[in-house]
Each structure stands twice: as C-alpha cells, then as structure tokens.
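Next up: some structures, all given as structure tokens.
Each of the next two complexes has subunit A plus one other chain: subunit B in the first, subunit C in the second.
Then we have the complex of A and B:
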C-alpha cells in the first residue's frame, strides 16, 4: 500500500522493539553511571535532557509496537534509526548531506563576505548609502523563499538558484547587525587610534571589528537559521535538483515512505544544531577578546 | 517608460508647489523609488536585460490592475492572510502561557528544554511533508507549520522576559500579601510584556517566511502559490506582482505590530520606552 525507497530494508535489518528500547536505555544509563563514578564530569542538565528524549523515544516505540498508530503514518523510531544506518551503509545518505551542507556553507560564506564589508561601508559613509535605504527596506521585507521563483527563472534549477536565495536569506540579518554593531563604536575610540598614529586600517582592525564582532556573530546566527529554512524550501521545490536532504524528504513523501521522511527531518535537526553550536562557539570567543 | 519619468517629474512638481508641505524624508523615498523604477524600465527598454527574466515595472503595474479588476489578487491575499493569521494566533495562544510556565519553573525548563531546542532547530518547511502525510493536503498542514514557525520566538522571549522580572518587585507583592494570581497579573506579565512583544515581532517575521515556503511547496491558493504558478507559466510580471504584494503586506503588518508594541508599553507606564529612548 505504500512505496519505499529501500524495499530490501522492509524484509529485515530493522531493529526490533526490545533491542531498540534496550539501546536507548543504555544510552541514558551509561552517562548516569559515569556521573555516579566521576561526579562533575557530566552535568545534571544534560542528563535530564537525555532521559526525557530517551523516554519519548521509548514511549513512541511502545505505542508503535502495540499497534496503536498506523506505521505508515508514524513509523517506530527503531525503524527510522535503522533506516538512517542503512542509507549510510549503502552510500545513499552521504551525497545528500554533502550537497545540503555545500549549498548552505557556500551561500553563508558568500553572505558573510558581502554583508560585513557592505555593512561597515554603509555605516561609515551614510552619504552614499542612505539614499538606498528605502530600497533595502523593501527588499528586506520580502521573505527569501518569495525570491525562489524568480531565482529559478534567472539561474535555472540546480545549485545556483538555491545558493542565490540562501545568500539572500543570510545577507540581511548579517548586514543589518553589522550596521548596528558599527554604530556602537565611539568616536573617542577611533580618535585614540588616530592620535597614536594609526591609519584607517588600524581603526578597522583595532576598533571597528572587535566592537561589532558580537553583533556580526549574532546576525550570522539569525541569518543561518533563516538560511536553513530557505535551503529546505529550495530543495523541496526544485524537484530537478536531485540531491540534498530536503529533496530526499520530498521525494520519499511522494512514495509515502514516512520512515525516510522522518530520517531526513531528524538529520536536518542534527545538522542545524551542529551549525548553530559552531556559531555559538564563535560568539563565546569575543568575551576573551574585548 | 514615460509613465515613470512623468511620475518623477510629477513628484518634483508637487514638492515645488507644496513647499514644505511634503516632508523631506517622504520626498527622498519617492525620488529614490522613482529613479530605481526608471533605471529598471530603461534597462529593459534599452535591451540590457531580457524582459522574460525581468518584467518592466509598467507591465507589473498593468498586471496588478488587471488582477485587482478580476478579483484574482484579492482571493490570494485573503487566502494567505487567513492562513497566516490562524497560525500566528494559535502560536501566540500556546506560546505565551507555556513560556510563562517555563520561565517560572526551573524544573520544567531543565527537563524539557533540550528536546525543545532540538525541535527548534528543525526548519518548519522540513516538517511540511511529514505533516502533509499526517494531516492530509489542505489548510491544516500550512497553518500547523506556520504556527510552529511563530511558536519558538514567542516562547523563548516570553521565557526570557519572565526570568528577567526583578526579584524585588516579586517580593513587594508577596510582602503586601498578594497571591500567585496577583503576582502574575501585576508583576510578571507587565514586566515581561516588552520582551514578549519583541518575540511576537520576530515570530511574525519567521511565520511570514514559513507561510511563503508552505504556499510555494504545497498549496492551491495564496500569494506564494501565485508566484510559483506564474513561474511555471513563465509569467514574469505576475511573479513580480506577487512579490510586491507580499512586500507591501509584510511592511503594513510590521508597522501595525510596532504600533501595538508601543500601545501596550505606554499603557504599562512606558518605563521601557523611556529607557529605550532616553
């Protein structure tokens, strides 16, 4: 009654409910034992979070095993995890992850390289940039996915159109936060550097970048969040794109393969958490700097 | 071409006649826009861009009037707005009470926030295919996904606002013999209000984004659908009509929300506003 990406997986290789529950329990229990042996190594908070997440998974598995929900609509988590492992083992998953992350990082780095210098320029020579403000404000209000159709017209289906709208999504938060950050620079700080014989480059490196660093990283985090949303939309719409986690989700949805749909959602959540954590680390860096 | 240049001359003329009647700011915005549209139209006229890829502003205007006359634009605006407002309202109704609960209870926060943080990192459009399987094609998945998009900013900000309530204010009410309801009504909600409203505005932005995503991916009405449908037919002017409408609606709602923010804060004594401006 429903299709599947991997019919061979249906026949076997699926984690049985008891073994899945056992694995989850041990994932909760091992850190708990560690904490008991070496107090202070693992925080109580992460242990609490882990046990709630594990509890939800076990409950979900039991509900599925008892047949309370239709497995086509909501497959058991054990099947979802074996599906992820299987997709990795046959080498199907890696290209999807690589192309999704490639699109995201490419557009994100492009956005950083364009938005930060433009933001600094805009707040330092308002004479040339304030006339453009009405246009920037209008462009800012149009959500990036609304540009998708236009971007497909301009760049065709594929990497380029996706990268364009992800760049657009990341650009405005970074740009506006850079402008806000640079406006926090006090004239006295700039004058101090100039008095001690520094040039404009010194002002940039010694004053403007350190002062606005925090704002820029905050903008980058907001931009990356919106970039993820836009990335997924681009991959869902451009069916011809043929790769990426979003594409995988939509393609398996058409086959009513909910297991692969859920695998994709969970993987996107994991990678979103990873990219956000990396940027959070950068946010922490500045405390030592300034 | 001539419409735009005529408009530009008109603006300058009106400005000249009215003297100081038209504020400098408005005049500047109008001139920049007119110049921009003039260059846009002119570049197409001169053949620098293909008109299939970049519709001339006059064609966009013509199309807008045509759609308004036929009622096509109104139908799509109504579809988008009703979908969005339903999701937005559900999100606020759920997020504010749960945010207050999470802000007040440390235990609730410590146990559940890791799981919520994981769900927060999943872009709402990624859930869309799954929600479609669960709830079927139609209005519900779109509204659900918009609600999820709006939920987290409002929730996180409410939680933060409640945590930042000054202990001394709480202690004053407790000393005066106030109960939990008094505490909630006279201290927690008023002092968390500015932060909650900031969350509402951020949530609006994300929800608006998700609305367009949902309509582009899976809908049979609305502005996002109109854009994507026009793209498939290579109707570039219609794509621009849709984008311009989304832009105008978004700006209007953002201004409205700013007004609401100001109103609520002024009613609560305006402490926040004074702090912000002074």
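Then we have the complex of A and C:
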C-alpha cells in the first residue's frame, strides 16, 4: 500500500482470507435459508446470481491467498472489502458517493427533460428533422469525453463540467429511442383521438406517450448506463476531495493504490445495478403490451 | 317487426322536416402524385414551386348524396374507388377539392365527436388501455363527468356483449371482440353518425357473420345513422337500407339500391340473392 492517499489506511484492519470467505458464504447462505423458511420471498434467479458472484469472489480470494498473483496487480477481495469499510468509517467514502450520485441524477434528469421533448418534436415534424439527421448522427458517434477540454473552458472545473459530459453521454440514446418509439404511432390511433373530440395535446397524452413509453424507458436505461461509463472521465475535472467515485479511481490510479481503484470499480458496479433496477421498475407502469 | 315500424316513423319525421343528417353536394377529390428519383409522393395540394408536372389522381368525382337520420348506408365498390376517401371526408380528416359536405346543416371542417369513426386497424383499439378504458376514451375526451361516464360505459359493454371483460387488455381478446370494442367505443357517446371503414375486413368469414348480426342489433337499439364502407357485396346487402355503389376510379356513384328487406335477413332467401346479384352486376361493369 505504498503511496496511498491515506497513510492511515494501513492502520485499518484487513480481513484474513478465511474470515472473508466465511462472510461471503454466509451472505449466500442467509438468503438461501430465508427462502427455505419463507418460500416466494426471494427468487431463484437472484439467488443463483448471488451464488455465482460469491463463488467468483471466493475463487479470487483463494488465488490471492495462495500467492499466485502480485497483490499490487490484483489485490485480494478481502482487502478491497476492508478498504471500503475503512473509507466509510473515516467518512471519506460518503461524500464521493453523494457527489457522484448528485451529478449523475442531475445530468440524467436534464437529459430526460431535453431528449424526450426534442425526440417527440423531431418525429412530429420529420420535415425539419431530416435535414438535421446527418449532423445528429455525427454528434452521436463522438465520445462524450472528447468534449472534456472544451467543457472545462466553457463551464470551468467542478460540477458543471462533469454534468455536461454525463448529459452529453445520456442524451443520444434517450433521444434516438424516443424518435423510434414515436414512429410506432399509427395514423389510426391519432385519428381515433381526433374523431372523439381530442385536440393535439390529447394526442400527445393519450397516444404518443403511451406508445413510445417503453422505448423511452429503454433509452433511459441505456443512457444512464453510458452515463456511468463516462463517469471516470467526466470526473477528471473534479478539483476537491469528495469529488466522486470516478475522481477517487483516477486519483488512486496515479498513486498506484489498486485497492482503492478496485473499491471504486466495485462501488460503481453496485450503484449502477441499483439505478438500473430502479429504472426497470418503470417498465411495468404502462400495461397491455405483449 | 316493431323496430322496423319505428324506423319508418323516424324516417317519415325527418323527411317531413326536410333535413338530412348528411348532405354531400357535388363532391370531388383529387390527389397529386409527384415522382422524384423513383419515389412517389402523394400530396393533397399542388406544389407551388415544383417544375415537375404532377400526375393527377381523381379519387372522387361529382358525388351527390343525402343521408337521412337512422339510415344504414353502405358504400360499396372495388378497392381504390374512393369510397374510403368519401368516408374520411365525412369524418373530417380530409376536405373535398370541390363541392360541399354538411352535417345537420353545418359545413364539415374537421373531426367532431358527432361523427365517430370505427377503424379497421386492430391497433386502433389502444393496447395500453383495458376494454373499459378504451370505451371511456371518447367520454373522457369530451369531458363527461365520472358518474355519467361510468354508467354509459357499463351500458355500452352490455350492448356489445363483453360483460366480464371490462378489465381485460386488448392483447387477450380475439379479433372479433376487438372490433366490438372499437364499435362500442364509437357508440358510447351517442354520435349522430357512425362511420365505419371496412371494420370487419381483416376477419375470417365466421367472425364476420356474427359481427354483422351484432352491428344490426346495435343499430336497432340506438337511434343513430351508420355509414359503412365495404368491398364485400354480401355484407352490404345483408346490413344496409341503401347501398351506394361506386364506380372504379374516378369514383362516381353508379347507382343507389334500396334493400327493402326487414332485419334479420336470411342470406339464402331468394330476394336476398336477387339483391346480391343486382349489386354484383353493378360492380362488375
């Protein structure tokens, strides 16, 4: 742990391999017992997923414990786990998580609010959108981080810059999916609303939004996923401590603190899964599709 | 035949007033087809700044027709003869190039709940709403209050005989049931005229026959006018009071046949077959 950002870190206790394996085993065992006691509470699928993830962790710990790999190149999961607990205990981790989640949520909501109305407008009037299409396609393939230096010049170091990069990454999947969703609207559906006395706004609420809803949710899921992917680059522009998980990974990388790098990676994986699960919940909101 | 007597009385009344529900006066409709790099675009109006000479398609030519209250009119003709265009003009989705269309004396300028349309497309019954939700769509858009809406929706579901399917989503219903929902959705807010654009065109013969009986029953129990577009000769003869036969493009009225048979009609009776043959002869020319 040479050159760690926190010299005190080494004072933190590191879990021994057997106790780590025991913890992982119990994390798998407790839900399994729960399932046996109260059937139906936990699905087989999630239990299987948990077992596979736990199995890989145990395998990794054993490989490290046997000294098969250099611990700097691949720190044992027990150490990573202890590191996470330690960073939390000294109050270092919380501001990173809060700051990252704040930026992502901010940029994501901004992307939703801009991409969905623009997508609907674009498919409402293809006459005006089709000349813009090549430009949109060109803009779409540019990796969001490529804008980084310009973004710093425009928005300065800190939150705004990072939010801009993440927004850019989220925007296009949501926009293009909205366009695809609205194109599924049939003329007869629009005319149905009109023939029953609805106006253009009713068409939007009664037909266009329900038809494109699933596409928009899918776009949002892809967008947020890409948002997480660009996080590390986006947070390169962060300046102060407490500047996010992406910043934490970057900073530890410079100091060769691979344990903290892996901690950040695992935390991003966990939070990414949580946000995706939340978005997936929205899929079931509009019923009746086969 | 109590209902047919009532119908006669109704027709007598309206003809006394001298007012028709729908008046179609010398209506013509043309479209313009522009071909550009092998791609044909059909527009309603001539393009102002186009050097290309468009190919003019005359869909309807000089159609004049009056429809009385409570009538069941069928537009019959070969496909592409403009009968659907005529219906869309009545619905207000399209406007005639020449001539005038009036509903209860007022010019038709756009869609109105007074003239509800039943579409052929199964997707026109919204898959994200239940049967109940689909039927209450019209009343909801027209701002009917909740109590009245509930009552009317329940009555309509009874009328289309889909009791027990109130909470079902369209994907769980058969094609015939879907079309009944489409009809129910149109009749629920008691429009003056019901416009049906080949509503049973995509169904199998069995289902189609049973839906034809449904539609006759529904027509007899409500006091509404129905304009029904079809290319099926038997369907027109089975359903309508008057069958308006259209010619091939440009669509003109070839003849109007009054079917003087009371409902329910027997498809195998000699009179019915005679009417059918007459219509077939008109179409074939």
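As a convention for this text, the second predicted complex is superposed on the first by the 271 of 290 C-alpha atoms of A that agree within 3 Å, B and C clash if a C-alpha of one lies under 4 Å from a C-alpha of the other, contacts with A are read in each partner's own complex, and residues count from 1 in each chain.
We take it that a residue touches a chain if its C-beta (ideal position, glycine included) is under 8 Å from a C-beta of that chain, and two chains touch if they have at least 3 such contacts.
Predicted model, so just to flag it, every value in this text is computed and none were measured.
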{"item": "Subunit C versus subunit B on the shared subunit A, clash or fit after superposition", "value": "fit"}
{"item": "Partner chain in contact with A:134 - subunit B first, subunit C second, else both or neither", "value": "first"}
{"item": "Contacts of A:226 with subunit B and subunit C, given as first, second, both or neither", "value": "first"}
{"item": "Which superposed partner A:197 touches (first subunit B, second subunit C, both, neither)", "value": "second"}
{"item": "First, second, both or neither for A:68, with subunit B first and subunit C second", "value": "neither"}
{"item": "Which of subunit B and subunit C A:41 touches, first, second, both or neither", "value": "neither"}
{"item": "Partner chain(s) touched by A:189 [first = subunit B, second = subunit C, both, neither]", "value": "second"}
{"item": "First, second, both or neither for A:144, with subunit B first and subunit C second", "value": "first"}
{"item": "Touching partner for A:210 - first (subunit B), second (subunit C), both, neither", "value": "second"}
{"item": "Superposition-derived minimum Cα distance between subunit C and subunit B (Å)", "value": "8"}
{"item": "In the complex with subunit B, residue positions of subunit A that touch it", "value": "44-46, 48-50, 52-53, 56, 73-74, 131-135, 137-138, 141-150, 152-154, 226, 228-233, 236-237, 245-246, 249-250, 253, 256, 258, 261-262, 264-265, 268-269, 272-273, 276"}
{"item": "Complex interface listing, subunit A residues touching subunit C", "value": "186, 188-189, 191-198, 202, 206-207, 210-211, 213, 286-290"}
{"item": "Subunit A-touching residues of subunit C, taken from the complex the two chains share", "value": "91-93, 110-113, 115-117, 119-121, 123-124, 126-130, 137-138, 141-142, 169-171, 185, 189"}
{"item": "Residues on subunit B engaged by subunit A in the complex (per definition of touch)", "value": "28-29, 32-33, 36, 52-53, 110-115, 117-119, 121-130, 132-134, 149, 206, 208-210, 212-213, 216-217, 223-224, 227-228, 230-231, 234, 236, 239-240, 242-243, 246-247, 250-251, 254"}
